[in-house]
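The structures considered in this document are given below.
Next come two complexes, and both contain chain A; in the first it sits with chain B, in the second with chain C.
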Partner chain A sequence: MSETMTAEIADHPDARPAANERDRANHKASSIEMQGLQKRFGRDTVALDGVDLNIQAGEFFTLLGPSGCGKTTLLRILAGLEEPDAGSLVVGGKDITETPPHQRSVNTVFQSYALFPHLSVRENLAFGLKMRGMPAAERHSKVDEIADFIKLGDLVDRHVDQLSGGQRQRIALARALICEPDVLLLDEPLSALDAGLRSQLQVELLRVQKRLGMTFVFVTHDQQEAMVMSDRIAVLNGGTIQQVGAPSEVYEHPINAFVAHFMGHDNLFAISAAEDDWVDTELGRLRLDPDEQRDSQDGWLLIRPETLELDGEIPEGYNRLEGTVAERLYRGSRIEYRLTVNGRSLMAVASNLGQRMHNIGDRVTISVCPEDLVRVAA
Partner chain B sequence: MRKRTLARGLAGIWWGTLFFLYVPLFVIVLFSFNSANSTAVFENFSLAWYRRLFDNEQIINAFGNSLVLAVSSSIIALVIGCLIGYGMYRHRHRKLGWLIALIYLPIVLPDIVFGISEMAFFVQIHAWTGLLEPGLGTMIIAHVTFQIPFVALIVYSRFVGLDPTLFEAAKDLYASPIKRVVHFMVPTIKPALISAFFLSFTLSIDDFVISFFTAGPESATLPIYIWSAIKKGVTPEINAIATLMIGAVAMAAIFSMLFNRQGRR
Partner chain C sequence: MVRTSPMASRRRAVVSETRHLLFTVTPGAFWIFIFLVLPSAYLMGVAFMTNGPYGLPQMPLSLDSFERLAGVGFLGWSPGNLYTLLRSLWQTLVSTVLVVIIAYPVAYYITTCREKWRPILLLLVVVPSWTNQVIRAFGWMNLLAPGTPLSSLAESLGLVAPNMGLYPSNFAVTLGLVYNFLPFMVLPLYAAFEKLDTAQVQAAQDLYASPVRAFWHAVFPQTLPGLLAGTVLVAIPAFGMYVIPELLGGGKGMMLGNLVANQFSGSSNWPLGAAGAILMLIATFIGLFAMRRIGKRLGGGEEVVI
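Presenting the complex of A and B:
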């Protein structure tokens, strides 16, 4: 165990194995239990329609969904910035449904960062500690400690309006972490950053969470980001939870068409009839893994583009389709093809291993393993 | 060629405006240092009028009244206007938000109408209850009333300019309601508060019409004194008072601007 730890830290050249880090890792992490949470805005807008959700201590948990799905409302209820109309919220075994935000050991990294403009960076970082009544000398050393941990360097002595977006983001994170809350909430903290900085900070954020072992609840509408970061993801729509699971589970076995679409799947085909391990779809008749049998006759068949093989050897028992190449997108590491099969459009992705590329108009034989086909409820 | 003519014409408007703005002030300041008792011919430099000014008990009284009135009304207006400004900010999305516009009445109402109605009101109250005898007290009430909308507006616009998430961040970072006021709201809008105070101060020092209608026999302010003295003609003594007022108001205005700029930085 300790060997793997060392190996992991050695992977990160900027990691510093300090003694206080082990103390930080021992910091208590809290579980979250939500039961029957409901929230309406005005008469007609239902933001949350009965949410039951358990988040484990030390988990990186993501609330994923389109805008208006209720993910932000749920996060605000966790922070205490919004009061639920019904339901209960328990953090670390304590019911805090009625607790005002300033009495909750929960801190938030806001989307706009919300750094106080009238304070220096150092004063911003120390704000939470000061409000809790920590003496100035102790605050000072805590700020130095967190600045060291998040590697803020000389940012601490700057003024807030001298900071770039990425720097503000890190200050906002440090300002929340310094309070050592039971739960850290992150409201789309990376959405205002450009792509390069964003992926860099994703890794950094993940590393911080793993080292602290703190419970993180992360809100995003970006399924790629959700998959990279999370131990588990909850996909929300219309104020209800659609599916909860590990990234691979939600991506590979979406529970319904909404989740499948939201996780970025294009290849969904209506099932017109199902019998034993066969289904009839718009593409034709396809064989499924026996485990994929469902009681219902309808629903959707999901085909992941990366499971399709073009013009390869077709092993025994594999499904075989004929199509033509309608579009080719060269993406460098991979090549995407839009194929036309039976008048329907089917996406396929091939890793770019230097093989011959298919040209537009080429007829191709498509094969897919029955085990890679997933039935999805309507 | 024509372009140049146009540019010159426009520059002329600018210089003309400055001329009519500042030359009268300059003349007043200049003649306040005139040794002769004339507002037409300048003889020698002299501080005689200032000396006479400070020997005049009426003027000293009027100056004291002006100062007491301006400082106390500005402080009261700052507190009330600040609360109203925050209230306007908090309830800006309410359906009854238009009700808030009611406090802007003093800004658009002619001073003379405002002054007369305040006077009639105070006289009535005094007749019924014996309270609110015309004097500094009634003047302070009247001044506070017309200063409040200016303070409220400055405070409101400062709050509107803030990221609303800041209020939530303060809550989230363990600040109780009182600590939010002390450690977040007041420091954040401090430049606006100082700026609003100096604006109220200049408005009060400046005011003649409303003061005139609400003053009592003992509470003449500088503008009221000037008005009554001027009936005997403009003397270099008046010029000296005017010069001092120009200096005081200019200083308050400069402070107000400096603090407002600091707030925006």
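Presenting the complex of A and C:
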């Protein structure tokens, strides 16, 4: 860890730049393979209903879903704090389904941080090393290094209850990182922080992960956070995985209505009839890319608000709709319009490039490229 | 509009605060003065007086009673009182440790039960203490006296001499103390277990602590305040216990409480009794101080209120 930490410090202008490349390769990251994981609580509650998932070594992987979707249960199974009813778990090529938590090279950053309040920051940080039997002197220097690494070097001799929320969060992260686990699990670690601190720590966390090249499994219910941080996202609902993919894939091509809603899409319209290159919706008949096909006739049409153009030049082959502006939300960098088309509400977003704003009640012509329309399964 | 100077308003605030303090503190202070400070001062005074003809204190002031307490009598030094002190300390220690050993798993077990059962189980723990101590001590007498099944069993196993029975004995006193004080340990421990932060336990396991070490590093520190509170509630009254050694100990089981009580009744030596009471007070304070230190060390320097 000492050397990988130097790598992070090298990010700052005053630090030694040398150790960087040599050490990034030093850490062995582990892949994770889950197969048929099932978990029930009591008789009726199905937390996981057969989860198959592969996470690559060194990946920042996010489990995304609403509360009760099974994402935390999955994380706890990875940590060994919960035992699956069925299925297998392989980390770094080793089957650890039956391994108790204290024998897994997996560490967790808990949502509540779960720092030990009766211990000092230093003792908290050293806990994992101590349990592994590392001598005191070595522990001491490791703690000093990691405390510098997370820029809390002057806090190590304080007590946990003297720290702010953001500081606790960092200590919880450092307490897990110091053990150099094969996999780091993060259970909504930023959810208790205010927005500013949160986005700051998102960036820091991402940077740490890239520097260390460690496999991170991150749990959140915040799709923005998931998109910002992840290499890949798995969207869960009702104990099953709905979709796995890169953030752009999951956002732009959600596989079903649940994923689309959860990724924050509002513009979903029921398809009443479909042919090769068009669909009938409540908005009217819209042309779309013939490649954009689904087997079933029904389902939903997704229109991303940022793909709509208002009162612009309409190129050949584009879809054209007429509507009125019902609401305007000025957000600075962009302007959101709620339009009414055929009595249905349609959201549109325009980047604020200084163009004339549309007023409420204005009639507008809406155009959208057929390739931007996405068919979504029910 | 009249502007009040900041000085005047501050003065007014101070006056109102003083008045507020006076109102709230006076009754309590009065109570403590009448029922704690005065009797303690009286006791202190009596301890330094001389024993009179009927055991009542009289002038002049002397250290006679402390000498007697230390075992110095007409026939030279005798270890009787020292033994009583040591026996009191030993009984307190043994019974407190036993109470902890029994109460810890009981309290934990109750927190693992279903929520609707917990009050009932706690009630079952507490119910015996609703009966008078004396009656319960008599109950134990009947259970432990020579010829009872328990005594016969102990005799046949060779644990006690034939026909001696389990009562009266030091063992009976220990048993009586454990039985008597168990609820006072279970309740604070239950409170501690109930608000146990399981995330800490999981964090310990996650950080390579085996189940035993996870208990020691993540469960035990969280229950420490309850454990110390329970220890205070058990050890202090046990140390000064009068009824149980009197009834279950026979002549061999006397504790400090009995020594003191005797000086105010049977053998009648008020100054000696007062000196004994002061000794108990000092021993209690030393014990409390030691517990605070232990609590601070185990609690990582955190203040454990006891």
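In this text, the second predicted complex is superposed on the first by the 355 of 378 C-alpha atoms of A that agree within 3 Å, B and C clash if a C-alpha of one lies under 4 Å from a C-alpha of the other, contacts with A are read in each partner's own complex, and residues count from 1 in each chain.
Operating definition for what follows: a residue touches a chain if its C-beta (ideal position, glycine included) is under 8 Å from a C-beta of that chain, and two chains touch if they have at least 3 such contacts.
Here the structure is a predicted model, which means the values were calculated and not measured.
After superposition onto chain A, partners chain B and chain C are found to clash with each other. Contacts of A:254 after superposition: neither chain B nor chain C is touched.
Of the two partner chains, both chain B and chain C are touched by A:101. In the superposition on chain A, A:323 makes contact with neither chain B nor chain C. When the two complexes are overlaid on their common chain A, residue A:65 makes contact with neither chain B nor chain C. When the shared chain is aligned, chain C comes close enough to touch A:120, but chain B does not.
Shared contact residues on chain A (touching chain B in one structure, chain C in the other): 79-81, 100-103, 106-108, 110, 112, 114-119, 127-128, 131-132, 175-176, 179.
Chain C makes touch with chain A in their complex at residues 197, 199-200, 202-211, 213-214, 217-218, 221-222, 224, 298-302. Remark: chain B residues 162-163, 165-166, 168-176, 179, 183-184, 187-188, 190, 265 touch chain A in the complex.
Interface residues of chain A facing chain C in the complex, by the touch rule stated above, are 79-81, 100-103, 106-108, 110, 112, 114-120, 123, 127-128, 131-132, 159, 175-176, 179.
Within the complex formed with chain B, the residues of chain A that make contact are 79-81, 100-103, 106-108, 110-112, 114-119, 127-128, 130-132, 161, 175-176, 179.
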